[in-house]
Structures are given as C-alpha cells and as structure tokens.
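Below are structures written as structure tokens.
In the two assemblies presented below, chain A is common to both, partnered first by chain B and then by chain C.
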Partner chain A sequence: MEIAYYPGCTLRTSAKNFESSSIAVADHLGITFKELSQWNCCGTVYSLASDDLMKHLAPVRVLIRAQEDNKENGLDNKLVTLCSMCYNTVKMANHLVKNDEEKLDTINQFMDEEPDYEADVNVLHFLQLLDEIGIDRIKENTKKSLEVLNLACYYGCYLLRPEEASIDEEPEAPSIMERIMEAAGARTIDYPFKNECCGSYLTVTEKKYTAERTYKIISSVVNRGADAIVLSCPLCAFNLDRRQKQAKELHANMKSIPIFYFPQLLGLAFGINSNELGFNMHYVDPRPLLKEKRLIKR
Partner chain B sequence: MAETEKITIYAMGKAYKVPAGLTIMSALEYAGYQYIRGCGCRSGYCGGCATIYRREGDYKLYTDLACQTPAEDGMYLVQLPFVPANKSIYDLDKIEPMETTLVEHYPEIVKCVSCNTCTKACPQDLDVMYFIQAAKIGDFKEVAELSFDCIQCGLCAVRCPADIAHYHVAQLARRIYGKFINEKVEQLTKRLNEIEKGVYDKELNKLMKMNKAMLEKAYKKRKIEGTK
Partner chain C sequence: MVDITLDQDKKDFIAEIEKLSGQKIMRCYQCGRCSAGCPLADYMDLLPNQVIKYVQLGLDKEVLECNTIWVCAACYRCSVVCPKDIDIARLMEALRLLILRDDIEKMDINKIKKEEYAELPQIALVASMRKYTS
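So, the complex of A and B:
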C-alpha cells in the first residue's frame, strides 16, 4: 500500500530519528510512504485568526500538493503525517476550507499559480493509519515483545485538540496509542497528564516554566511505575527530554527516564535494526534501559 | 516606407510614444532617459535592470528585467536601480555549516507564509519559495541547486510580505555549499593558485593597454579551450 506522506521541517532537523523509525516501521508493515513531490513548512501552528487567510496558505498548499500527487500516482486521496504539530495544522486548515466555501474560493483565487484545492484530501496521523491497519497486524509482526516495558503514552495537545482534529474518539480519555503499544506487547500505565500541555514554545523564553511541566509529568509517570514515555510530537519530545536537565537542577530527586517516539519502540518489537531507530539522538540516553531490558544487545 | 507602428508607454506616470518591438530598456532610452544605474550587461545576466510594471486595465503588478522584456502598449513602468534589502555580514572562514546557520544570519526566513509571491516575481522563473523553505531547514544543497540561476535582481525581496531577502539568503547558502559541501574541483584550486602567484598578470596588463581595434582583433583570434 502506498500513501502520500508529508514530513515537515522538524523531521529533517531535530527529529530525524522519528522519520527514519516511522518509515522503517511502515515498510515492515507493507506501507510505502510516498513523500510529496515538493513541500513547504505547514505553518507550524494552526492560526486561530481564521479570517487572516494568508496564514492558511501554507497548509492549503501542502494539501494541494497531496491532491495533485495523488491524482498523478493514482493513490487514494489521503495524506499521512508524523509530527503532531504538522498533523494538527494541516488537519485544521483542511477542516476550515472544507466547511467554508467562501474562504476556500478566496484562497484558490490568491493561489492562481496552483490548481484549485478541491477540499477532498483526508489527513491522517500515522497512529490512525496503524490503528486502521489493525492491531492484529502489529501483533503478527511483533518478534520481540515489549512486555518488559512499562510505558506512559503521552498525547500532548495537538493529537487531541480541538475535537475536530482528535485522532481518538475520546479526546479527553484517549487510548489509541496504548492500543498500539500494547499490541506490541508493552504494558501501559494510566496517569492524569497524558493530554496536558508540555509547555510548548514557552521552552524558548521561559525555560523554567517548561522545566516545571517536565518535572510534573515525569514524576507522575515514574510514581506509577513507568520506565519511559512514548509520544509523537517533536516539540513535546524536546521539552520532556532536553528540559530534564533544567528540571533536575530544580528538583535534584527527579528520576530521569527516556522519551521515545512510538515507532522507535514498534521498530524494536518488529526486529528492525536499531541503527535505523536513532537511539543516539536523545538527551536522556535510552540505551542503558533498552540493554537492561534486553531489547538491544549489550 | 510605412511608418513604424508606435505604442504608448508610461515612464513614472508620463506618457511617451515609442516604436513597437523595443525592449523596455530601449524604449525608455528612445523616450530620452539615460541609464546611470539600473542597467548593466543588457543581456539578462547581471540582474541590474529590475522593472516593475502594470498593464492598462489590469490591477496586477508584474516584475521583469528591462533588457529582456518587450515594451507593450499601455505599460506603466518604473525602474528599480537598487534594492536596499538587508544583507548579513559574515566571514566565510569563520562560518559553520549548521542546520541553523541560515536562520541565524537571516532569522526572517522563518516568517515565510508560503504565499509564493517571490516565485511569481522572479524573472528567472526560479522556485524561490521552495529554496527559502529549504533554507529554513538548512538544506544547503537544495537551496544551491534551486537558486543556481539567480541573478540577484532583488525583485523577490521587494514583493515579499515577510520582508525576506531571498537572494542574499541563497547566496550565503551557495557559498557555504561551495566551500564545505560540494565536491572540490582540482582544476579550480590549481587555477586559483596560478592567479594568486600572478601567472596571468602580464597578459592582463597587456589587454588593459589595448585600444578598441586591438581588443577586437585579439578577441577574434582568441583560443577557446577544447576547440582547434
């Protein structure tokens, strides 16, 4: 199965391991990510000034590329994303123009060098695609069960909010990531912060605030016995991983735990070579834990 | 002989009758303007003759090179002799080719909203917006390749709503790509050494002293590498 794929900027810079592990996992399940023929930044965050259409050009341009590539390649009119922020921005811009013909028309007129956007692309997150393919397929492909790991699935904001963008039917009590990780054998814990904000871009100007969020979230999952956190957002990953340094300076007793992108661990379960999974790109090195649990070689 | 067909052009708002079939540059000269700036090679290579114009009955502003674009009846024209776009000052020997280098020198590139106005403005038909997108993630090779034919006219920068100086960003990217990333060409290093040692000074000094007739003769007699 082939599907149009939008990487986004962060997957080409600080989250290269998210991309390499996702492509490897998809490949293993027989899904080929067909990267868009050309792509621009999604805009990073969905602009809430919905009448300032200039701010929606970037995601709509991404959707037009997907629409045209899908026509050319004869693919279902879908687009898969990995980064939670790209997912949310593109998904919400799609929602805006699907439901407002006038705005779509204005945008199409402005982008007179592009074919009109027909507002017909279906934007998916990789987790949704995995869920669609089926828990059974993940179980079948699991060679090395993750049963030795106790995981805290962390959703943050962008996979769940607003409701229109939620990848789970229950945005307040999501379970899609747990289902997928459990299919690969992992145990998961329940905890109160899984859909709370990581501190987001405050990490630039208010490091201390983000460090406090990180402390709160990490202590909560550690107290419930988690060995690690799994997530899908490069900004959440940055804050929960890199800000552990500042969190530890504020709270010396905090236990450090590794932060994974979900496909890194699925990759281990599928027996994919750990070189492709990028465990060397973390601030808190996950390799000691993975060695201790005998998931990678000592 | 039939009289040459005349068209009306507007230079900075003033109407002039000029013969049809001229470039914008020649038409303005016919109208009596003399270029002191805003004109260079007259061959579409130097990027010195950026022009902004509108056609009668059309609300859109167009951009092009005055030496390469035919003057049309009803054109409202203005010449842009210089673009005062911001240019970062850097020492290539001290620069580090990191993912963030271009953003550090030109932080405004992250304000790109992908409106593609730069691409529409480019007289070289380059994918300007996509090389700025590549610059944002430090993909020097992509920027260098997409911007290879840039002639630095600056029209992209004039039209950009995010005040990006695309052509300066791309130039820095190409310099970094050439210095740190692209394959080194042996002959170039050899030739640069020869120039530094002054191997060609004598020849150049000889050319500098020639008059026009002598230069023409020498030009016709020149040897081109790879030909007999």
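So, the complex of A and C:
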C-alpha cells in the first residue's frame, strides 16, 4: 500500500530518527510513504484569528500538493503525517476549508498559481494508520516482545485538541497509542498528564516553564513505575528529553528516563536493525535501558 | 473600585475582541474551570478567567499589560473544559494579535544563544515566532 506523506521541517533536522524509524516500521508492514513531490513548512501552529486567512495558506498548499500527487499516482486521497504539530495544523486547516466554502473559495482565488483545492484530502496521523491496519498485524510482526518495558504513552495536546483534530474517539481518555504499544507486547501505565501540555514552544523563550512541566510529567510517570515515555511529537520529545537537564538543575532528586518515538520501539519489536532507529540521537541515552532489558545487544 | 458601566470605547474593545476571537465573551459566568486546568497558570499574573473578566469589563489597557497572553501556550486545555463553550485559546490569540498587529514584537531571535539555536527543533522556533512576532 502506498500513501502520500508529508514530513515537515523538524523530521529533516532535529528528529531524523523519528522519520527513519517510521519509514522502517511502515516498510516492514508493507506501507510505502510517498513523500510529496514538493512541500513547504505548514506554519507549525494553526492560526486562531477569525479574520486572517493568510496563515492558512501554507497548510492548504500542502493539501493541494497531496491532492495533485494523489491524482497523478492514482492513490487514495489521503495524506499521512508523523509530527503532531504538522498533523494538527494541516488537519485543522483542512477542517476549516471543508466546512467553509467561502473561505475555501477566497484561498483558491488568492493562490491562482495552484490548482484549486477540492477539500477532499483525508489527513491522517501515522498512529491512526497503524490502528487502521490492525492491531493483529502488529502482533503478527512482533518478533521480540516489548513485555519487559513499562511505558507511559504521552499524547500532549495536538493529537487530541481541538476535538475536530483528535486521533482518538475519546480525547480526554485516549487509548490508541496504548493499544498499539501493547500489541507489540509492552505494558503501559495510566497517569494524569498524558494529555497535558509540556510547555510547547515556550521552551524557546522561557526554558524554566518547560523544565518545570518536564519535572512534573516525568516524576508522575516514574512514581507509577514507568521505564520510559513514548510519544509522537518532536517538540514534546525535545522538552521531555533535553529539558531534563534544566529540570534536574531545579530538582536534583529527579530520576532521568529515556523518551522514545513510538516507531523506534515498534522497530525493535519487529526486529529492525537498531541503527535505523536512531537511539544515538537522544539526550538521555536510552541504550543502557534497552541493554538491561535485553532489547539491544550493544 | 472598578466602574462597570461600559462607555463606547469599552464596548468597542469588547466587540473587537469578540470579532477577532469569534467568541462570545459575555457568556462566561466565571466558574474558573479554565484556570483550574491551565498547565501554565502558576506563571500568569492574571488567571485565564480573570483575563475574560477584564475583557467583559472593557479593561483594555489593564488586560493588554498582563503576562498571561504570552505565557499561554495555546494548549486548548481551557477551551475543552469551558461549560459555556468559549474557546479561551482563541481569546488569548486575539489579545496577542491586538498588540502584535501594532508592529510590536515580543521576541528577539538575536537574543537566542547560538548553541541553543542549534539544538532547538524547527517547530519550536517557527511556533514561537508565529506567536510572538507579527
């Protein structure tokens, strides 16, 4: 199965291991990500102003590329994303123009160098695609069960809110990531912060806030016996991983734990070579834990 | 004492915020759920429900001086818990935009240290520039 794929900027720079592990896992399950023939940054945050359509042009342009590529390649009119922020921005812009003909028309007329957007692309997050393909397929492909790992699945905000963007039917009690990780054998814990904000982009100007959020979230999962956090957003990953440094400066007793992208662990379960999974790109090195649990050799 | 009679200026301010945010500000009955759930409330000088109250009272200068709108990370936690269906994240954005659209920038990229700049993910930089510059 082939599906149009939008990487976004961060997966090509600071989160290369998220992309390489996702592609390897998809490949393993017989899914080929067909990268859009051209793409631009989506703007990373969905504009919340009622009067400004300019900020929606970038994600709509991405959607037009998907529509045109899908026509050319004869694919179902879908687009898959990995980064939670790209997912949210493109999904919400799609939702806006699908439900507001006048705005869609204005945007189409403004971008007269592009074909009209027909507002028909179905935007999916990779987690939804995995869920659709089926838990059984993940089970069948699991060669090395993750049963030795106790995981805290962390959703953050943009996979679940606003409601129109939620990848789970129950945005306040999501379970899609748990389902997928459990299919690969892992145990998961329940904890109160899984859909609470990590401090997001405040990490640029107010490091302390994100360090405190990181401390709260990590202490909560450590207290409940988690070995690691698994997530799907390169910004959450940055905050929960790298900001452990500042969090430790503020709270010397904090225990460090590794932060994984979900496909990195699925890749291990499927027996994919760990070089493709990028465990060397973390701030808190996950390899000691993986070695201790006998999930990797070196 | 706060004067709660609304003169035309105050009414105009409220109307502008309602238009920009697309939210009916007067519906808020001050239950405080938005503030109770806000993950960043600890760092705010006005709580989210106070921000709404200030807007209801037309206190434009006062509300535009609060740090709350810059501490808010647009996480939508408040928006999903409001029993009056007010999307508070949009209210915060409208208040930010009133300032940013006057060409006032709230972030100086040159102040970010080189080492930090190199390690920050693109989405963090783009998002903060979107929220703090016009």
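Everything that follows uses one rule, which is that the second predicted complex is superposed on the first by the 296 of 298 C-alpha atoms of A that agree within 3 Å, B and C clash if a C-alpha of one lies under 4 Å from a C-alpha of the other, contacts with A are read in each partner's own complex, and residues count from 1 in each chain.
Quick note on the criterion: a residue touches a chain if its C-beta (ideal position, glycine included) is under 8 Å from a C-beta of that chain, and two chains touch if they have at least 3 such contacts.
Computed from a predicted model, the values in this text were never measured in an experiment.
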Inset, instruction - State whether chain B and chain C clash or fit side by side on chain A once the two structures are superposed. - result: fit
Inset, instruction - Could you look at A:Tyr201 and tell me whether it touches chain B, chain C, both or neither (first, second, both, neither)? - result: second
Inset, instruction - Would you sort A:Arg161 into first (chain B), second (chain C), both or neither based on which partner it touches? - result: second
Inset, instruction - In the overlay, answer first, second, both or neither for which of chain B and chain C A:Thr13 touches. - result: both
Inset, instruction - In the overlay, answer first, second, both or neither for which of chain B and chain C A:Asp51 touches. - result: second
Inset, instruction - In the overlay, answer first, second, both or neither for which of chain B and chain C A:Gly185 touches. - result: neither
Inset, instruction - Give one of first, second, both or neither to describe whether A:Tyr209 is in contact with chain B, with chain C, with both, or with none. - result: second
Inset, instruction - May I ask you to decide whether A:Asn40 touches chain B, chain C, both, or neither, giving the answer as first, second, both or neither? - result: first
Inset, instruction - Write the angle, vertex at the C-alpha centre of chain A, between the C-alpha centres of chain B and chain C, to the nearest 10 degrees. - result: 80
Inset, instruction - Return the chain, chain B or chain C, that is in touch with more residues of chain A. - result: C
Inset, instruction - Report for A:Arg61: first if it touches chain B alone, second if chain C alone, otherwise both or neither. - result: first
Inset, instruction - Considering only C-alpha atoms, give the closest distance between chain B and chain C in the superposition, rounded to the nearest Å. - result: 6
Inset, instruction - Residue by residue on chain A, keep only those touching chain B in one complex and chain C in the other, then list them. - result: 9, 13, 41, 43, 55
Inset, instruction - Using the touch definition up top, name the residues of chain A that touch chain B in the complex. - result: 9, 12-13, 38-41, 43, 54-55, 57-58, 61, 110-111, 113-114
Inset, instruction - Would you pull the chain C residues touching chain A in the complex into a rising list? - result: 19-22, 39-40, 42-43, 71, 73-77, 79-80, 87, 89-90, 93-94, 97, 107, 112, 119-128, 130-132
Inset, instruction - Spell out the residues on chain A that touch chain C in their complex, using ranges where they run on. - result: 8-10, 13-15, 41, 43-45, 47-51, 55, 83, 85-86, 157, 161-163, 171-172, 196-197, 199-206, 209, 212-213, 234-235, 238, 242
Inset, instruction - Spell out the residues on chain B that touch chain A in their complex, using ranges where they run on. - result: 99, 112-116, 119-120, 127, 129-130, 133, 136-139, 161
